[in-house]
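The same chain A turns up in both complexes below, where it pairs with chain B and then with chain C.
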Partner chain A sequence: MKSDMGLIVKTTARATIPLIGIFGAYVVSHGHLTPGGGFQGGATIAGAGILFLIAFGLGEMKKRYNHHLYSALEGLGGLAFLGAAMLGMGVAFFYNALWQDGPFFNGQPGTLLSAGYLPIMNLAVGLKVFTGLVSAMAAIAAYRRWKE
Partner chain B sequence: MNNVVLVNLPFVVVALLLAVGFYTIGFKRNLIKVVIGIEILEGAVNLFLIALGYVKGAYAPIYTMAPPQAENNMVLPTPQALTLTSIVIGVAVSALMLAFAVNIYRHYGTLDVTKVRRLRG
Partner chain C sequence: MMLPYLIIVPLFGAFATPLVGLAGKKARELWAVLITALTLGVASELFYTVWKSGEIMVYTLGGKNPLGQGVGFPIRIVWEVDLLSALFALMVTLIAFVAVLYSTEYMRHDTGLEKYYTLVLVLEVGMLGIAITGDLFNFYVFLEIMSIASYALVAFRNDTWEGIEAGIKYMFTGSLASAFILLGIVLLYGQYGTLTMAYLAKMIAGNPTFTAKVALGLLAGGLLFKSGAVPVHMWLADAHPAAPSSISAMLSGLVIKIGGTYALARLAFSVFGMGISMKTVGWIIIFFACATLIVGNAMAIIQTDMKRLFAFSSVGQIGYILLGIGIGLAAYGSDVGDVALAGAIYHTVNHALMKALLFLVAGAVIHQLGTKNLNELSGIARRMPVTSFAFLVGAAAIIGLPPLNGFASKWLIYESSALFNPFLAAIAIIGTAFCTAAYIRVLFTFFGRPSERVVNATEPGKAMLVPMLILVLAIIIMGLFPWAISEKVMIPAAKTLENFSAYVTAVLGGV
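After this line comes the complex of A and B, so read on.
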């Protein structure tokens, strides 16, 4: 059974997947300033991945999707979140040491490099949500083994 | 807007969604429809949480480029954080339920909840 779409859908997907990815990266990186954040941006980028899966089919997805890499990245996102939370262990768990007297991410509130560990946590959550959702969709798509 | 029905309209919608969701879970036999009923329940709960935090005429709780009259006049941010957590949990639960549904279909050959009770294999 043919599992990819036609020419128009493929061309449109080639044009829109980078745009969706850039918009998702914007939502993730500006999570402490504008609406959005880790989960919303990660789900947006995962939408680009799912568009790739649907437009180009499972065979093309299998060539570019590495199960071990995505599992490792998902664990790395969780570890980065935990590491950012542990930065201020001298005072308390989740103490925002970067914001109080950190070397970076302590700019004027409202600018991009502010809010202490929040951008790091947004990036970690975005990475985790993106890899988790893409892995789940790839696993469900690869599961079609029942008889016709 | 001071009409009592119009003010409470979100909660009426929440009650309707809860009724629809419980009816779907209780009386539908297809497992996919049961999953859809649980999703409707989650939507009702999320709408309830967001409607609880509403302040009349208030602004979104974002300080970036906020107008001056938004000072001390924002809707409650706590239910929004709760709802975001609830949405994440809902996505995870729905993915797990749908994966179980696929597994049950492969194992039993049917999605009817009254026919998947016998032990097999």
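After this line comes the complex of A and C, so read on.
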């Protein structure tokens, strides 16, 4: 399949996709410190995926996108969130056991390794949003034809 | 404390389905059946505990106590389970288990089943969440989980035109109704600054404002839509026939009740009970109930599509439930109100059982014969005796014949409406007359002379027959002890719903 975009767009996309990805990862990992979080960061990274899809075309996307992998990763994101929520089951569902007396993620508030299970949940939500949005866009892009 | 596992188990099941699905088809089906069976176990345990103790169970997410440190108001999400919530949670898990067991055979010819089972489990999570939550925004989130899963499931067979059409209709109008509900919640939060139902109830009682009335109007409007009450029932008659039958069973048996009438009753009693004129709200609900009764049942008579007939009959039965709730509100504090509310709760459970059964029967007929047009289905009884027997039981129960469960619940509603206002009883009777006419028509179709189409029909497999027989058994057993069930479960459940100060005290402590 021939891709629709010209050379300038492709080259710019090559340069910007890593930047968008890194910025999205930053937003996800600093969800408990700065504005943003799992959803915003995940959607940003998905933006990189969508830029890839548009700039390089569906043919290239099909080579790089594995439906089963993304579906499994999305489930994994949900499971990680649920697992983090269950860490403090001894007290209550969603009890932040890591923050209260956990082995890690209980540093000084304002540092990266603080806030208990929040960074884990942000990562899980970011993974789920990224894989979910990319899967949805890939599925819509691959949707048969304009006419039957 | 089993309560959080009511959400954790199906949520875990839904998230893990894509992973389990990698192991193959059989594993996926087994997984869904296992998870729904486990959830049923958790819900039965929960129901037994709540019923035994007779207390309201409060669970706080993220801490031991709902109240904040040093302040007297709740800051956390609470789940509040009284007998009514526990009963409905049990009903949801039972029907969901039966529907999933049924799907293992019924949906075998469809593609994309890993999404199907995920969506069914998510739908179950949403409904259970609505039943147990004690937080208004949490309620909204679970309502949306339920609604979005049902939009997707209605349009699941996206290669048929009717699935897509019904899905679009349901989604557009349903999103609008959800937006009304959200707007109502926003107004309440702006006015009172809290989202915990129990604390909100106290605040509204202390300072009943015009905003609270507007919010109640918006909430009631949205919830009447979700329950398929008459001016806004059009989505239901399209969505239920177009969905796969196992999903119609869940939509008709559960979604319109948990997301509609249960939520309406919960908000009207537990949240607004102390701050508004219950008589006015009661009469407004009674008005819609009467319209729903007549229109739903009357429209059922003229249908030629079996599932569409059942869908309109669901609208009609929602009318009875709303009538019970409306009288329960308008005659609050009297015996008549008690009986009406108990009848509404009883009828909710009964109708969930029998309408799920009827839709499963319809699914079996479609699965074996490939049509749901009543004009082509003459004489199924000779070729599919078990299915026809199941239909007979379901139809007799929904009309309200004495040895079956529908009799007692309808009797409670007739009795209370006759005592409250004879005119309402007359409307209820007319509704039942229409309903009887509709089902007799189908009955004659089933037991008539076999048509060409039917001659080579056979019974479906075990995985479809067993769920139907489970429901038949439940209907017959519940029909044998109607007054004991009413005394021991339904009247206490109605009483817990009416006792809104206990609902508030359970969260806030001695107030």
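For this structure, a couple of remarks:
In this text, the second predicted complex is superposed on the first by the 142 of 148 C-alpha atoms of A that agree within 3 Å, B and C clash if a C-alpha of one lies under 4 Å from a C-alpha of the other, contacts with A are read in each partner's own complex, and residues count from 1 in each chain.
As a convention for this text, contacts are C-beta pairs under 8 Å (C-beta built on N, C-alpha and C of every residue); 3 or more make two chains touch, one makes a residue touch a chain.
Quick caveat: nothing in here was measured; it's all calculated off a predicted structure.
After superposition onto chain A, partners chain B and chain C are found to sit side by side with no clash.
Legend: residue contacts after superposition of the two complexes on their common chain; A:L79 is shown touching chain C, with no touch to chain B.
In the superposed pair of complexes, A:F23 makes contact with neither chain B nor chain C. In the superposition on chain A, A:N96 makes contact with chain C only, while chain B stays out of contact range.
Put simply, the nearest alpha carbons of chain B and chain C end up 6 Å apart when the two models share chain A. Contacts of chain A with chain B, set against its contacts with chain C after fitting on chain A, share not one residue.
Interface of chain C with chain A (complex): residues 4, 7-8, 11-12, 14-19, 21-22, 59-64, 114.
Put simply, chain A touches chain B in their complex at residues 33-35, 37, 39, 43, 109-110, 133, 136, 139-140, 143, 145-146. Touching chain C in their complex are the following residues of chain A: 68, 71-72, 74-76, 78-79, 82, 86, 89, 91-96. Within the complex, the chain B residues that touch chain A are 60, 62-64, 84, 87-88, 91, 95, 98-99, 102, 105-106.
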